[in-house]
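Notes follow once the structure below has been shown.
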Amino acid sequence: MLESLFLKFLPSLDPMTSAMVMLLGMPLLGFVIQIFIGKRLFRGGDWVSVGTIFVSFALSVLLFIDLLSSGPQFQWTTSWTWIDLPHFQLTMGILVDPVTILMLLVITTVSFLVFLYSIGYMHEDPRYSRYFAYLSFFSFSMIGLVLADNLFALYIFWELVGLASYLLISFWFEKPEAAEAGKKAFIVTRIGDVGMFIGILIIFFETNGLLHFDSIFSYVAKGQFGGEFLGISLLTLAGICIFLGAVGKSAQFPLHIWLPDAMEGPTPVSALIHAATMVAAGVYLVTRMFPFFTPEARTVIAYTGSFTAIFAATMALTHNDIKKVLAYSTISQLGIMMMGLGVGAYVAGFFHLVTHAAFKACLFLCAGSVIHALHTQDMREMGGIRKKMPITFTTMGVATLALSGIPFFSGFVSKDLILGESLSFAMENPSHFLIPLFGFLSTGLTAFYMFRLIFMTFYGEPRDSKKFDHAHESPWVMTLPLIILSLCSLAIFFTGSPLGLGELSLWGEKSQWVKYLLEPPSSSEHPTSAHLYALILSLTMAGCGILFAYLIYYKQTLSSEKIAEKFKCIYKTLTHLYWIDELYEWAVIHNLLRLNTLLAHFDNRVIDQVLVDGWAPITISTSTNSGDFDNRAIDQMLVDGTGKVVRASGKEVRKIQTGKIQQYLLVGLGAVCGILILLTLV
Amino acid sequence: MSLPEFLKDLFESWPLLGSIPLWLYSLACILGLLFLFLFPFAGIAVYLERKIAGDIQARIGPNVVGPYGILQWIADALKLLLKEDIIPAAADKKLFILSPMLIFLGGAAAYAVIPFAENVILANLNIGIFYLIAVTSMVALGLILGGWASNNKWSLLGGMRAAAQIVSFEIPVALCILTAVLVTGTLDMTQIIKNQSPYSWNIFHNPFMFIAACVYYIAALAEANRTPFDIPEADSELVSGYNTEYSGMRFAIFFLIEYAECFVICAVATTLFLGGWYLPFIDISGLALGLRIPIEAMVFMTKAVCLLFVMMWIRWTLPRYRVDQLMKLCWEVLVPFSFACLLGTAFWMALFKGKGIPELIYSLLGWGS
Amino acid sequence: MMFAVDLRHYLVLSAILFVLGIIGILSRKNSVGILMGIELVMNSAGINFVAFSKYVAADLSGQIFALFIFVIAASEVVIALAIILRIYQNKTTVDIEDIKDLKC
Amino acid sequence: MTAQDVFFYIFALITLVPAFVCVFHPNILYAGLSLFGSFFGVAGIYVLLGADFIAATQVLIYVGGILVLILFAVMLSKNIYGAKFQDEKKKKILPGLLGLILLGFLVKFILTTPWNMTLTDEAPLPTVSRLGDLLLTDYLLPFELASILLLAALIGAIILARSK
């Protein structure tokens, strides 16, 4: 469908290439137009950005329809040489396979809806068109990231995405917190990226310059990837290094600290970048490189993921900032995905990425809608706005149920798959029992803090009547994305069966499209016998979480203050986020400064005063002597003597130069004639 | 096939005419074009101009000589022929005489490659349009000489202005012509028309061609020193510019060539952009040659005369530009636009394999070519 | 058959044109006149190129070089005339004999 | 003598006589004007050599451009009202003599060199497309350099001629 369309309109170009270039280029076009002339356009040019991203969105949908009809074996790739050196060639290319197309679909859908939403959310902002320029730039980079067919291209777009994230987090740079948060996000992710770059370099040197995904995998599959470093095989080390990049970008422990601060950016940005797409890039990277990871590396991934899941979930319990709660929830869910990939649940991990993108974007946009109405982010100042904002309430409720893993909703389907696989993984390797344990606990905590959020925001009495009176439902450009995203959070959208369970489905195999399209790499076959236990366990955990939230924040039969008082130590730890920031401050920054002072002292005392200054007397005496020689012998005899000779001869020769160009030419012509005559005579 | 060759072919079997050599046919064609087309056409154009000016200014215009003043142009021509030929005493006599000749040469030489109909073209050069650009640039030389030779400051200023203007505006003109050549892929005037068709004129080939056509028309107006770009002969500043001192027959030549050049511009625009002798949507290529040639010639002339009418309309509607405004218009508006058109058309040709908008629409509708 | 035209006739023609141009360059006092001489020399070079392109090389590279000569001639004349105009504005003369400021 | 030979001599005359006038006429304006004939004659020579495109370019650039510019310069750089453009009678003997010697040698070389003439009698005409192909393939670099040269000349001329 896509190909025939392009063949008709652009007959001279390869249809798939032009489609991909257009898909990638439209947001870039939007960015260029917006950044240069956006301000002068009608309505600040928002229609340019929305229009361009809509084209990309439409192309992705067409591509997806093509993919559904051609099946999971679909793969299209093209590449061209970028740098051509004698011993190696760097190519740039496009790889389109089911993973790419699913990512494209997620990115362009959420982007389009967020762009639409932003029209309403940002309409009073003085830098309206620049905001859209940045958003377009982000979409361009993200699409480029998933289209890249080699690690190097992916790395370039990986950094561009980071840049876009930085620009958008510190979009309101007048606020010092926003500027700080942007810097923090940029620097912390950079730590992970350095790891990733080291990983790429290891691969590059080990494989003699292979950077293409397919060629790396076949190289690894042939067992040629040898080498050890300090007793660890280089393959594992490279895998962990690559994973470090994902840790940074997907905010896994211990580099998770930037994501909550990133909530200083505009809320649609949080929805797009810090919930649905960019932070999922880490998960995408692990998915893309999946065959590359050794079992050891996978175990590291699984532990990191599961620990992050429970760790972030606990931190979300005590926060009162609506966006930060969602941010911690995002970290926790990303941890779940990583855990799934780590235990080998390739399909489930990626599936959760897709479902999570929909419902988490929805949650953020709902939160944005609430913030837009109440002009506060503090949940303690909200409450009781259920009736005033029915659409926001309903959609947010749907997304919350999806996040909590309740049947009939999408989160249930994907999360349950992951938990089941992790359980069966632990049953095979009982020593790794902590992984599923963390996973199930975080499920319960997730349900608890999400319902806490719902109850505090929408139920009860309004705590701030002034803000409450101003509250109103948002305009249609904001509610329409909410409705669409909440529809996408229903299980039926992903499975074809309303409950989201079992093999029952309305449209056959293809209705479970994510599962249908993804082919797990052969190395990750797992018996899924543990699903039923996992189902019961996770539902119990979620039920408990919801029950506690109901008792504490709705019925208020249990007082939250009393609980906090009772577990004061834990409560304090949680509100201080485990003192991680303080730890970094002390361990890294403080000690670094001390070391710097020490080095400066060394520099000053030893190098400057002893080494450098010590040279001076020696130099002075030498130069005095050589200066004498210079003056007497060279200057007065050689140099001045030459000058005198030249001046004397110049005085005579000068007379030839008359300044009359014709005379010169005449002499030249005469010389030519003279030479000719001489030649004929000889 | 050019007109002399065509005629020779036609009369090959005739007893007397068949033995005439080709060069005699050529001579006859040249003379015929001059006396039967160029001179009367210029006269009629003057009459038309005066009538249209009258209409626009709510006057009647010439109405005494003949019915509706139709014979006015003959009277004018006779008057100019019979007037005393004055050469100012201080003028440089040789150059004063040479200048109208040069102008006439440049103006009339362009007619060699104007394709009135299939086979009705004096010389079927394969660099036709390029030849046309080259010879029309000679007019500038004649004007500057005329201005100089008159030994009169208004004449000199007018001549210099004319030369500067023509040299400058030649650039956008040539670039727009190049744009059209890019689309048709040939410099041959007949081929340029034949590469179009009743269904796809060049002007609709792509959006840039449309802009190029407009830019060409404006720049060509300036190249012919027509209002609103007639600053070389701006009568309120320079009396009458380079032809102030001329009278009688020599003045008539200046006058004649001005109208001849206007027609050349319109004919070139017709050829390059408006499909030449093709009727819109009516394909007459099936008709016999004898029937087709008159129809084609009529279609071509109609299109050209319509453009000529627009020229006169503009002349009597718009005020005159200032010199600095004129140069600004050329270098800051027309030249960038024509470059943009050239580039845009080049991209279009690469992107759509040379297909124009009409062809794309027809192929989408499945009508074939 | 001395009058049957071949390559040599063209070359002699261009040689005459060349020498005329040289004489012009050497003898004109007016710097615009010198420029005219240069144009003649350039034209003679063009004739040579095109003639060789027809008679010796039998391809079009000579004509290409003639085109490049046009380009060079155009840029040369533009720059030279601009310089001459500037000199005229500064010294109110274009006489080559008076333009000898480079002499120390 | 064929018709082509006759045309050659005609064009040679059209070229050389004005060139002679251009060099030796005392009035600089007349000298410039006579260039017109010379350029035209060279264009005719080009036509005889089968280079129709070059001929048209010659007319376009030399007559329409360079000559007009030269006349402009002549008029702008002299007191144009009344003054005669008398080029001071100057010794032209030495340059003329040297030129004649040079010409003699040139003619001698031309006539004595055994030219390796490979005249092909192919139809000379459609040169335009072949020239275009050559310019954009084999001669692409010179072509680009020429365009840079023209741009530089354009900017240089504007800066030089701009009134301060």
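A, B, C and D are the chain letters, set down in written order, and residue numbers restart from 1 in every chain.
The rule is simple: a residue touches a chain if its C-beta (ideal position, glycine included) is under 8 Å from a C-beta of that chain, and two chains touch if they have at least 3 such contacts.
All figures in this text were calculated on a predicted structure; none of them were measured in a lab.
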Per-chain CA centroid nearest to the all-protein CA mean: A
Interface with more contacting C-beta pairs, comparing A-D to A-B: A-D
Intercentroid distance (Cα basis), subunit B paired with subunit A, Å: 63
Subunit B and subunit C, separation of their C-alpha mean positions in angstrom: 33
Whole-Å separation of chain centres (CA-atom averages), subunit B against subunit D: 28
For subunit C, residues contacting two or more additional chains: 22, 26-27
Multi-partner residues of subunit D (each touching 2 or more other chains): 53, 57, 65, 69, 72, 95, 98-99, 102
Multi-chain contact sites of subunit B, meaning residues that touch two or more partners: none
In contact (per the touch rule at the top): chain pairs: A-B, A-C, A-D, B-D, C-D
Partner subunit D, residues of subunit C touching it in the complex: 3-13, 15-24, 26-30, 32-33, 35-37, 39-40, 43, 46-47, 50-51, 53-56, 58, 60-61, 63-64, 66-68, 70-79, 81-86, 88, 94
Residues of subunit D defined as touching subunit C within the complex: 1-2, 4-5, 8-9, 12, 15-16, 19-20, 22-23, 28, 31-32, 35, 38-39, 42, 45-46, 49-51, 53-54, 57-58, 61-62, 65-66, 69-70, 72-74, 76-78, 85, 87-88, 90-92, 95-96, 98-100, 102-103, 106-107, 110-111, 115-120, 124, 127, 130-131, 134-135, 138-139, 142, 146, 149-150, 152-154, 156-157, 160-161
Touching residues (chain side subunit B, partner subunit A) in the complex: 350-353, 355, 364
For the subunit A and subunit C complex, residues of the former touching the latter: 654, 657-662, 665-666, 669
Subunit B-touching residues of subunit D, taken from the complex the two chains share: 29, 33, 36, 52-53, 56-57, 59-60, 63-65, 67-69, 71-72, 75, 80-81, 125-126, 128
